[in-house]
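Take a look at these structures.
Next come two complexes, and both contain chain A; in the first it sits with chain B, in the second with chain C.
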Partner chain A sequence: MNSIIVEINEVFKDAEDFFIEPFSLAGEAVLLLGLHSIVNLIKTKEILKKDMDTSEVIHSIKVKRTFFNRKGIEINSEEAIKSILQGKLIIYSKEKNIMLLFEPIPIELNRSIEPPANENVLQGPLDSFIEDMSTNIGIVRKKVSSAQLSVKTYTLGSDQKKKLSIVYLDDRADKGVIKKIISHIEMNQHTNILYLQHLYRFMGMRKWEVIPQFNNTEMPLEAVDGLNKGRVILFVDGFPFALILPHLLWDMFAQANDRNFAYPIMSAIRFLRVLGALVTLIFPALYVALVAVNPEILKIELALSIAQSREGIPYPPFVEITIMLLILELIIEASIRLPLSIGPTVTMVGGIVIGQAVVDAKLVSNLLIIIVAATSIANSSVVGFQNALILRLLKYVVVIFASIYGVLGILSGLVLISAYFASREIFGIPYTSLTKGRGGIG
Partner chain B sequence: MDKSLQVICMGLMSHFGLIFFIYPERIIASTQKGHWEPILIQCVIFILFLWLYLKGLSYFPKQDIIGILKTLGKAFSFTLLFPVLLYLIITTIELVSAYAEVTNIIFLANTPTWAIITLMILISTYIAVKGIETILRTALLIFCIFFPLILLTLLICFQDVDWHNAFPIMDTGFNFFREPPFYTSFFSFAIVFSFLGFIPKKISYNSKKIMFAVFFLIPFFFLSVYLPLLTFGNETASTLLFPFITTLDKVQLQWLIFDRATLFFALSLVTFIMLLTSLLLWQSSIIMSQYIPGLKQKYHIVVLSVSIFIICLCIPSWQETEKLLWWNTAFRFYILIVLPLIIFLIGVRRKRLS
Partner chain C sequence: MRSIMICFKLVLSLCILMPLSGCWDIKDINHRAFPIAMGITKEGEKFKVLLQIPISSEGVQKQTIVKGTGLTILKAVEDIRTNMESSVDLLHIRIIIFDRKLVEEDGMEEPINTFMRIREISSKTLIAICDDNIDSFFLALKKNIEKGINIYDFFEKYAGWTPQISLTRLWHVYRALNSYTQNVAIPMVKSGENTAVTYTGSAVMKKGKLVSKMDPKETLLFNAFHGNSMKGRVEVMEHATIMIVGNTGFHKGELRNHIPYMFSTIRLNVVIQERRGNVSNAIIKKELEKVLANRFDGMLKRFQKQESDVFGLGQYYRNKIPYEELKDWRKKYYPNLEMKLTIHTTIQNEGSIKTITDK
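On to the complex of A and B.
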């Protein structure tokens, strides 16, 4: 056996799904190399055979040459190993001692295009991205159909290869941003990207950053909208969403699908989301501030009724609200983790049983239950799960400030959060900037 | 890119912060009748010199104020900028201690003053360290959140107004020129827009839009004085320490769950002051880093805020803060009148020479 084949065989010696299959192409003995688990060998062989058979009738010698010239790219052993891992078929010709690359019929490992699972659309397109990158790019291409659509694909990682594609509209996207992204990618070609955190890191994000650089979306409509606004999309193989870059504050409140409604309705919906974000940040803190620090600003009747509902509760409002908020976070985490059939049970137990019992046991006040419920509802009104997460975390900052400084603490907390948002720049574009219609970010 | 909107928001907010606490009390103390006269005179002076300042700066499209003054020689420019630096620092001290004191008196009786000072300085330093762009962007965000609240509160105040209290309208004696409160009340005009000279030229703004926004600001000066006057009458209003806040406190609304909605209004003004303080810190650090090189700008800011924090702790009471306001008057007129004039004259001379 040839040394190249031995070398490849050595690399895959522990992989039982690796095959070296003798085959004859137009009368010439060849070896087929690939992985059973991702190559549909039977169908691929059929295609190869069919291709040869029909051609053979016409002119066997000529076709033999054409086959090798047209479909094959000559490669060395290193490239061969890489290609095998990517699901390609290697055809090794013993006679000529060359290896050729062939695109086989893959084993179908992807789910079909389905409605989005984590984001809901109301009266809009119902498709969503899937794990397979080329399908995702296909979906985008179908929706954009413009010659300006640029797609650049890179293979990253030292031992675990992962494909990453950059998609943008040439005439709209910011050239500086694209240049920066590409230089980041080229600089970090050997970094393994197993999780998005790796991607964040190599795009230059600090470890303790709350705001991510990318806006993850499952919905092609959003991605296409981003493209039209001059943003850049990244697709990573195996991740069923598009990473829209840069991610701006306004993405928390605006969704492309809103534009499918009349303008006043769209504005009202977006206003509601802004309100939701503010309620999330302010409400729990306001409770702490009003009960613990500034009770005098409430009307006396209300202040008394709150005091009454807090009667017998042994600890300060800050502890009270922290307990309830933490229980709420646990319920949210648990209902994500649990199977669909048990999820509602947790919600019911959490919402009704604990809620009621905790009030009866005089651990927290009635009003607090209302506040906590309102907060969690408001929290979910913003667009995108990651944006909701940012707010979920930041509300604690405001609560801590409020427990020390009362209403002043709430307002300073808001200033601090605004300043934090304002200080962030993503590839030179301020996080707080608005996208102004077509053509530009900024 | 045009950042006029951010610049305007910053300017307006800082002025709001300065107008509603101390200004009405000063004006009411300076005259018995015809309060609009001192306000109008101050506004005219303010607009005139702001226009001169902007005009002067527009002669130098590529330089900030330090660059402009440096053309006169390093030592001379230092002499000109030193009063500015001093005023900036003293004003920061005044602002922090005065507003901490006010907050302590009116809203947070149980919180010690030092805790409020700590909060104000910490937040201001954080924002200032992040740089001017962050300051301006924060201004826009905060403006969007708080400004509707402030407008609403101002509108609500009109429910207790008695228009007869505006009389007598005329004051022919112009006695207010002899009153110190008239001069200290320039406090609300002087400092804010001086930052226009300091912002780097890559942040561009439109002078015309800024002048337009300043005209939008004028009614608020009148409102801040006339709302307490019309509500309480001159005799009562002149006895109050914070006439405007008291006016707000008097407002009763059946439909609101809050008894003292003032708190939100007044405390959002305090947050505006935090932002102004961060701007002043940033401005001072720019001047300092020019003349004490070798230290990064953010360390200048940190050193400054720590020293300001210590000085603020040493100021024992509201009376001392008021004294500081009076001592600072000369510098105030320097930054309000002399500095714009100098910039304007250098600009005109430069234009003639070329």
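On to the complex of A and C.
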């Protein structure tokens, strides 16, 4: 056996899905090399055969030559290994001792385009990105029929290769941002990107950053909207969403699909989202502040009814609200993890049973249950799961401040959060910027 | 190393946060008692303070009246605090009721100054005078409150307030105590037979002491003069009953030869609701204007004699009289004040019917 084959065989000795298959191509004995798991060998063989057969009718000797001549990309063993891993078929001719690269029929490992699973669309396009990167780029291409659409693909990673594409509109995107992104990519070509956290790190984000730099979206509509606003989209092979970059504060409240509604309705919806974010941040803290620290600002009627609802409750409001908020977080986490068939049960047990029982047992007050419920509903009103997560985390900051400084603490908590948001920059663009118009980012 | 420093700083700042905040002595809302009304009287040398405290209990609203005595008001409150099972906050007090005897004998200056000084009581708290024995007044209040009637509702604009009742806040009284040019009228109440409270008129104060009284009709005019809404008031006259639906007032002061002249215009929008016999609008108008003008003149004369500037007319002369002379306003200028009051009435509506006599 030839040394090249031995070398390749050695590399794949532990891979059981690796095959070396003898085959005859136009009378010539060849070896086919590839991976069973990603190459549909039977169909590929058929194609190869067919290709030969039709040609053979005309003049067989010529074809024998042409087959090896037309795809005469000779490769060495190292390239061969890389190509095999990427799902290519290697045809090795013993006679000539050359290896040729062949694009086989792949085993279908991708799902088809489906409606988005994590984001809901109301009266908008129902397609969503899938794991396969080239399909995703195809979807974007189809929606933006423009020669200005630039697609740049990089292969990153030292031992586990991953493809990363940057897509942007040449005439709209901020040149500075693109330059920075590309320089980051080129600098970190050997970093493995297994998770988005790796991507965050290599894009130069701090480890303890709360604000995500990317707006993850499943919806092509959002991605195209981003492109038109001059933003850059990253596609990572294997991730079923687009990463719109930079991600700004206003993305928490505005969705491209809103523009499918009339302007007043759009404004009202967005206003509601802003309200939802404020309610999430303020409501739990307000409860703590009013009940524990500053009851004097309540109207006497309200003060009395709150005092009545808290009669006999052993915990201070801060402990009380922390318990309920944590239970709520657990319910949310559990219902995400659990299969759809059990999810509703958890919700029911968590919401109705615990909610009712905890009040009956006089562990928390009625009012608190209302507050917690309102908070969790309001929390979900913002766009994007990652944005809801930020709010979920930040509300605790405000609650802690409120438990110490009361109403003043709520204010200082909000000021702190605003200051933090205002201090953030993503690729040189302030997180809180609202630039509008052509070429604008916001 | 860097992360250790960050941790250290974090712990340090948390440690600083705790002592700075003062959060160790906060008390939950269910461990506080919120008195809503405070009564003040004097027993011999000692102050006696009554607090009306709602008790939160399952279902029904209950109230208790607690009493304390002490040489000072706060001492008396402290007396109550010591004997109460929950902490007593004065933050929610909505009305402070003074005993008439106390106001007549000692004046309100001392208690009012105390309330302003401690800053625990809202300066928006209402002040009233009890024309009755304050103990029995509070006892009657307690009975009524268990029926769901609260005394402060009596003074609330969205509830029981009518334009005949003067509304006086703590800061009004404090201002009157320290102002050269303004006095204050304080509503007087006593326990009623059928209702919780009966309004008997307003006390006209001078330097914290009661010097004269306004009856409810006069208080209405007093409120109109200050531009307080009189909407809904039904005025009964010889020939008609009218309802005042809107009022505005314009006042202008002039000083000639050290004699202050006041030109006031009060505009009333009225609706005729009842008519007796065939009277024209003009007669009704004239009658109303005459009645009001006479009433106002009588009032002002009385107050001028008492040197109590309850209308705050002196406010219009603050820029006309030198500051050092301003303190003599009540003695020197006010008694000589000449008032020219014009009342304009617009009959806005005659009810749903029209009478022929108008033509």
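Rule of thumb we're sticking to: the second predicted complex is superposed on the first by the 422 of 442 C-alpha atoms of A that agree within 3 Å, B and C clash if a C-alpha of one lies under 4 Å from a C-alpha of the other, contacts with A are read in each partner's own complex, and residues count from 1 in each chain.
In this section, contacts are C-beta pairs under 8 Å (C-beta built on N, C-alpha and C of every residue); 3 or more make two chains touch, one makes a residue touch a chain.
Computed from a prediction, not measured in an experiment: that's the story for all the values here.
Visitor: Looking at A:Ile20 after the superposition, I want to know if it touches chain B, chain C, both of them or none. Which is it: first, second, both, neither?
Guide: In the superposition, A:Ile20 touches no partner, neither chain B nor chain C.
Visitor: One more residue to check, A:Pro317. First (chain B), second (chain C), both or neither?
Guide: After superposing on A, A:Pro317 lies in contact with chain C but is clear of chain B.
Visitor: Regarding the shared-chain residue A:Val293, is it in contact with chain B (first), chain C (second), both, or neither?
Guide: In the superposed model, A:Val293 contacts both chain B and chain C.
Visitor: Report for A:Tyr405: first if it touches chain B alone, second if chain C alone, otherwise both or neither.
Guide: The answer is both, since A:Tyr405 touches chain B and chain C.
Visitor: Pick one for A:Leu414: touches chain B only (first), chain C only (second), both, or neither.
Guide: So A:Leu414 only meets chain B here.
Visitor: Please indicate which partner A:Ser423 is in contact with in the superposed arrangement: first for chain B, second for chain C, both, or neither.
Guide: Only chain B is touched by A:Ser423; chain C is not.
Visitor: Give one of first, second, both or neither to describe whether A:Leu302 is in contact with chain B, with chain C, with both, or with none.
Guide: So A:Leu302 only meets chain B here.
Visitor: Could you tell me which stretches of chain A are touched by chain B in one complex and by chain C in the other?
Guide: 293, 296, 300, 404-406
Visitor: Name, in rising order, each residue of chain B that touches chain A in their complex.
Guide: 1, 103, 107-108, 110-111, 115-116, 119, 123, 126-127, 130-131, 133-135, 137-138, 140-142, 145-146, 256-261, 263-264, 267-268, 270-271, 274-275
Visitor: Show which residues of chain A lie in contact with chain B when the two form their complex.
Guide: Against chain B, chain A makes touches at 278, 293-294, 296-300, 302, 404-409, 411-412, 414-416, 418-419, 421-423, 430, 432, 442.
Visitor: In the complex, go through chain C and note every residue touching chain A.
Guide: Residues 17, 21, 23, 26-30, 32, 34, 36, 54, 56-58, 61, 89, 91-92, 94, 122, 152 of chain C touch chain A in their complex.
Visitor: Please output the residues of chain A touching chain C within their complex, sorted ascending.
Guide: Of all residues in chain A, those touching chain C are 290-293, 295-296, 300, 303-308, 310-313, 316-317, 403-406.
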